[in-house]
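For reference, the structures are reproduced in the following blocks.
Both complexes below contain chain A, partnered by chain B and then by chain C.
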Partner chain A sequence: MTDLPAGEIPAGSSSRTWRRMRRNPAMAIGVTVLTAVVFFALIGPMISPYDPYDTALRMRLKPPSAAHWLGTDSQGRDLATRLMYGARTTLMLGLAGVAFAALTGGAIGLLAAFYKRLDNPLMRLIDVLLSFPSILFGLSLAAMMGPGLHSLILAIGLSIMPGIARISRGAALSVMAQDFMDGGRVIGLPDVTLMRRYLLANAYAPILTYVTLAFGDAVLLAAALGFLGLGLQPPTAELGSIAAEGRSFLFIAPHVSFAASALIFLIVLPVNMLGDTLRDAADRRAS
Partner chain B sequence: MTAPLLELRTVRKDFALGQGLFAKRRILTALDGIDLSIAPGETLALVGESGCGKSTLGRIVAGLMPATAGEILFDGHPPARGKARARQIQIVMQDPFGALNPKMSVGELIAEPALLHGLVTRGTTPARVAELLSLVGLPEGVAPRYPHALSGGQRQRVAIARALATDPKLIVADEAVSALDVSVQAQIANLLKDIQARTGVSLLFISHGLSLVHHISDRVAVMYLGRIVEDGPTADLFARPRHPYTRALISATPEPVPGSSADRMHLTGEVPSPLALPSGCRFRTRCPHATDICAEVDPPRTAEGAAHVACHLAHRLPAYQSQTPEPAPRLQQAIALYRAAAARLDAA
Partner chain C sequence: MNDFAAARGSRGVRASNQLRLVPFALAAALAAAPLAALADGTVTLGRTADADRYDPHRSSALAAAEVLQMIGDTLVTLSPDQKTVLPELAESWEMSEDGLTYTFHLKEGVTFCDGKPFTAADVVGTMDRWLAPDAPNVSTWRAGEVDEITAQDDLTVVYKLKVPSSNLLYQMANFNFIMIDPDQAEALGDNFGVTAFNGTGPFCLESWSPRDQVVLKRHDGYTWGAPELGNPGPAKVDTVIWKIIPEEATLVATIPAGEIDASYSVPSWALAQFEADPTVQLLRPEASFRTHYIGMKTSRPAMDDIKVRQAIAHAIDQDAMAEGLWFGVVNPTVSYFSDKVLDYPADTDTSAFTFDPGKTAELLTDAGYEKAADGFWQKDGTPLTLTYYGFNETLSRGMAEAVQGDLRKVGIQVDVENYDSTAIWGKLREDTYDLYEMSYPYLSAGDALNLYFHSGSIPSPNRMMWNDPETDKLMEAGNAAITPEARAAAFEALTRHVHEAVLWKPLVEETPVVAAGPRLEAFEPAGMSGAVFDSGLNLSLK
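The block that comes next holds the complex of A and B.
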């Protein structure tokens, strides 16, 4: 009865998930592309010889060349450099938005599941948020707070947050139904410890998966708001607004909009691939 | 009689059903007028069918849910609220696969309550964990393992070690062995008994069958539909059950020798819904002895020596035939026939 099978401590469920993920080629592609884009955005600005704000009107809308690898935009600025700064801004906006959403949404979901009496009020609040289209949300927030970094992050975060709150609540509710929650309560653990060590520790996997996918949405939303002119104001480089600037010259210089759109694509696609891999690996029925 | 460690006086628990906007609210009374006491170092077995309220009672005693009405006294006072209650009463739950946080190692699980209540320091933790592990018969080597790497019986031992970590005076074992293999059930029951002998902890042993109760408990309380219908010292209750329901329960316990209990008592029908209780005695719809008075008057709980029983007919029931197995004539006959047949086959 008390003798244990010999050998190593068997692998936990998290390392099983990890093994399944590594076997998936989508994971390798996603990681490679995303790493390349992040390098482009972070290291690029340090090594680029151009300034993203230096206009040179004689050099307007030049196609790709040896000096300007991706050509120049309507103000004669080096497009590659603009895109590096733009990608950095857009990534940062998406990250800040999704971080805000994960913290607030996760907290709301866990609280709603943990305290039954908070469930209804909190989730009705989430329903209200969910009923606003995100672009409209961005529009009204920009109108109320003025366009700027804070209102932009808030708009992105609040648009992403309801989904995270719902997923967190669902994941937390299924953990709450387990006996070990009472097992923690009966030894006298305070609620905060119960929520962290018992509830969150067992509910985080689906939340993390959803948050990864939500990061892609956040980047897309940041670019969309930028494209509509609700994002950071020119001349700040931002992928959405670069794509919008190029739109006026789409027929004479398609490379501007095209390069900006392609870069957005190269951020969102690997993020979604990663999210899908995570989801499949965490879902035992899939394998 | 010594002062009871735990005393329940007319404890009642209602659940409100139909919380919806339009649904009519109904009240389900899971426990109705429960009187119970446990002496220090005593084992009280609480027995009854599923749905009779025995787990609800265990959870109320452990402080996991409040009682609707009635009084609970621990050492003569209301039990402590919040964290301090964990030092008085602990619970071991039924499902050994769900009762331990899967993200914590065995060592962490056992150390957690002791650290929380300041019973150990960081330095003395490993020694205390080793001590508790040996108390429940597990080797020290399991401390770094996680619950999913253990068997059901091992997990239940970890759960018991965790319950012991706060040095409680009372442990509620809520069907703590029901989910285990029969051979492991006996081991865990013996372990509880052994720990009680060493630490003097009281046990509230909740079970849906009587098979282990005979060996483990000092007293037995039989529950039916939220009431205690009979309670008394174990030997007395098994030898002279006074309530028809107790007789039915004893009769339903599997016998080691088949065919020994010729006059088995079979209960027919379902347990009535606690939302539509029968008039008078709750058991009358299934009682083979029920008479007119049973439908009209709820039988009071009356003392019978050290025992209590709630039945109008307690003194008018046919004499109880002890079910201790006589040598089973039919079984012996069957074995003799088999042997004879085998001998003939060998000879041929």
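The block that comes next holds the complex of A and C.
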């Protein structure tokens, strides 16, 4: 009873989850598409012969051609290159936003589950945050804090944080009911050790699943804020703002909006497929 | 964007950007829901923005001006070339020799929409309401420094100034001078121009559903229009409907289909397409003045050096902007205002405003800058990085990126900050930026110069922070001139002076273009302040 090695408690379950996931075709599709998009975003800028900021107004809104595979945007810049940089920005915003949300939301959820007296105040705060639609919440935050990278990440992070906090609390509460948590308390393990090595180690799977799905939301939110003009300032390429810019010329140059929207789709869809696979696998494990 | 409103408060209420933009991409085409079937004798005009209210004293929005011009009249109006003052409600007028007293003789038989006769007392009541101290009224500077305005008899108004105002009669053609029913304004208070408006115009306000439509009915007894502008009245159609269609792309689709009879809120790319469409007529006023420019703030470090300002001016390609951003429907320019306006001297030196990026390096070297290893100019280790404020709207964003791109090519970095129309007017009063983007309509050199360059207009609309005794002296001389010759001499000298100082980079001159559908008879749009349909007297159906 005094000897309670952390490693023994969650043994085996995660490898079974992984095996189930690998058998799911959605997983294969999701991973392939996402890898391709990330490759496009990371490697593309290195091999593109064009400068994403080099304007040439007389070349604006040209349709796809041999020189410009996806045509040019309203400033005469190579659209493919703009999309590579744009995908990079959008992915980075989604990743940073979701990381911020996972850290704060995860911490709030675990704390609420671990300390009973914190549960009520923290969760009521989260309820208040949850009562706003996340797009509206992100919009107001971005509008209040003004445009900029940090405020954008904060707006995205705070909009999806409440959901993560809820899930974390739920997952943590079910772990709290386990005997080994009481055991750890009894033998006098410090709270930090209990939370990190026992609580988090056993509650992370559903949190991770939710965070994966939330990444898709974060990317969509980043693109939506960019589309509404609350994103990064020009000339930064960002998928939402490229889609918005093209929207003004939809009748004469549909390729701009279409390409940017398609790329957003190609990021969000595989992320959601991955998240669903993870959730299915985790659900079956639970049942 | 538009400085029509900038200097003096509110702009029109645009349908919220957010709401307009939410449906991604293709939704625009789907949103073109069929509008109500058109009745006989009804002209439907389309536009993208509504006004906050239809009160000539409290709104400076173009959206208010275009409706008010139809439901109200001014004492005088301007000829199509914008150079001659014509009678409207006033039949004639005299100016005293000292230029301080104007006596207006009103036309007989003019009535308001409710049948009440229009008299000199209404002119006095209108002006008293507009110029009342502490009232939330706009554009009162147009009235000059008024001593008093009195009614000598029912048809004679005496307008006394403290100092002469050489521009007064031209300003009086502006929609802010539209004559109202002072009793109604008193009775309705804050609801005046919202729930009702009793005017003397060729049309009467029937109803207004904000952000949807304004319905105007013909004022049957109307016969007092200026014959020089076409039909003196009554109007040839019995109903005019101003319809708000916030989405530009939807508006474009409704014109060839005949659902909207005419609009000038048509984006440049669509005008380029309409050129080839036989069902759409493109109509342009004889003269109408609006210039887009980039202003330079002389109070900022680096920007106080005229060589730096010249270097920037030479690096921006206005020809490419006219072609790329406006699809060639505007004219690139090298002067702050059109060379066709009253009092513009032909010998103004505009050589500083040509696109000649080769000169930028030379000028910056002269000013003590050197090119750093990263290709950007710097002085004593401080890079020449400029902050640019612009509007968060399609065309303005395009201009910001074009300026940023052009200056990047010559080694000047520009940080662009685009703000929504609600936030930008406040930001533009700050001393936190080097360059800003703006456009403004004007009637004459004097009008344009008065708006921007006097030291009394610092910090807004004199956002250049141009504090120059010579400028102030010439402007005051031009305003106080009693003869046209003296006025022209002063304003011409001032025009040359401010161009030599390189305070702006002029970009393009824009003339409003009316796109009219197949039902409407061709007419000549009006040029003043962009309200192209003017009184509506010339609208008629085929």
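The definition used in the following text is that the second predicted complex is superposed on the first by the 273 of 287 C-alpha atoms of A that agree within 3 Å, B and C clash if a C-alpha of one lies under 4 Å from a C-alpha of the other, contacts with A are read in each partner's own complex, and residues count from 1 in each chain.
The rule is short, and it goes like this: contacts are C-beta pairs under 8 Å (C-beta built on N, C-alpha and C of every residue); 3 or more make two chains touch, one makes a residue touch a chain.
All values reported here derive from a predicted model rather than from experimental measurement.
After overlaying the two complexes on the shared chain, residue contacts for A:Phe180 are found with chain B alone; chain C is out of touch.
By the touch criterion stated above, A:Glu245 is placed in contact with chain C alone, chain B being left untouched.
For chain A, the partner with contacts to more residues, out of chain B and chain C, is C. In the superposed model, A:Arg197 makes contact with chain B only, not with chain C.
Within the superposed three-chain model, A:Gly188 lies in touch with chain B and out of touch with chain C [touch as defined at top]. Contacts of A:Gly94 after superposition on the shared chain: neither chain B nor chain C is touched.
Shared-chain residue A:Arg58: touches chain C; no touch with chain B. When both complexes are overlaid on chain A, the residue A:Pro270 reaches neither chain B nor chain C. On the chain A side of its complex with chain C, the touching residues are 53-55, 57-58, 60, 74-76, 139, 147, 227-229, 233-235, 243-252, 254, 257-258, 261.
Chain contact summary for the complex, chain B toward chain A: residues 59, 62-64, 82-87, 90-91, 93-95, 98-104, 112-113, 116-117, 137-139, 141-142, 144-146, 148-151, 153-154, 157, 159, 162, 165-166, 184, 187.
Against chain A, in their complex, chain C makes its touches with residues 17-18, 21-22, 24-26, 28-29, 248-249, 252, 267, 269-270, 273, 317, 320-321, 323-325, 392, 394, 397-398, 400-402, 404-406, 408-409, 415-418, 420. Contacts from chain A toward chain B in the complex involve residues 1-4, 9-10, 12-13, 178-180, 182-190, 197-198, 201-202.
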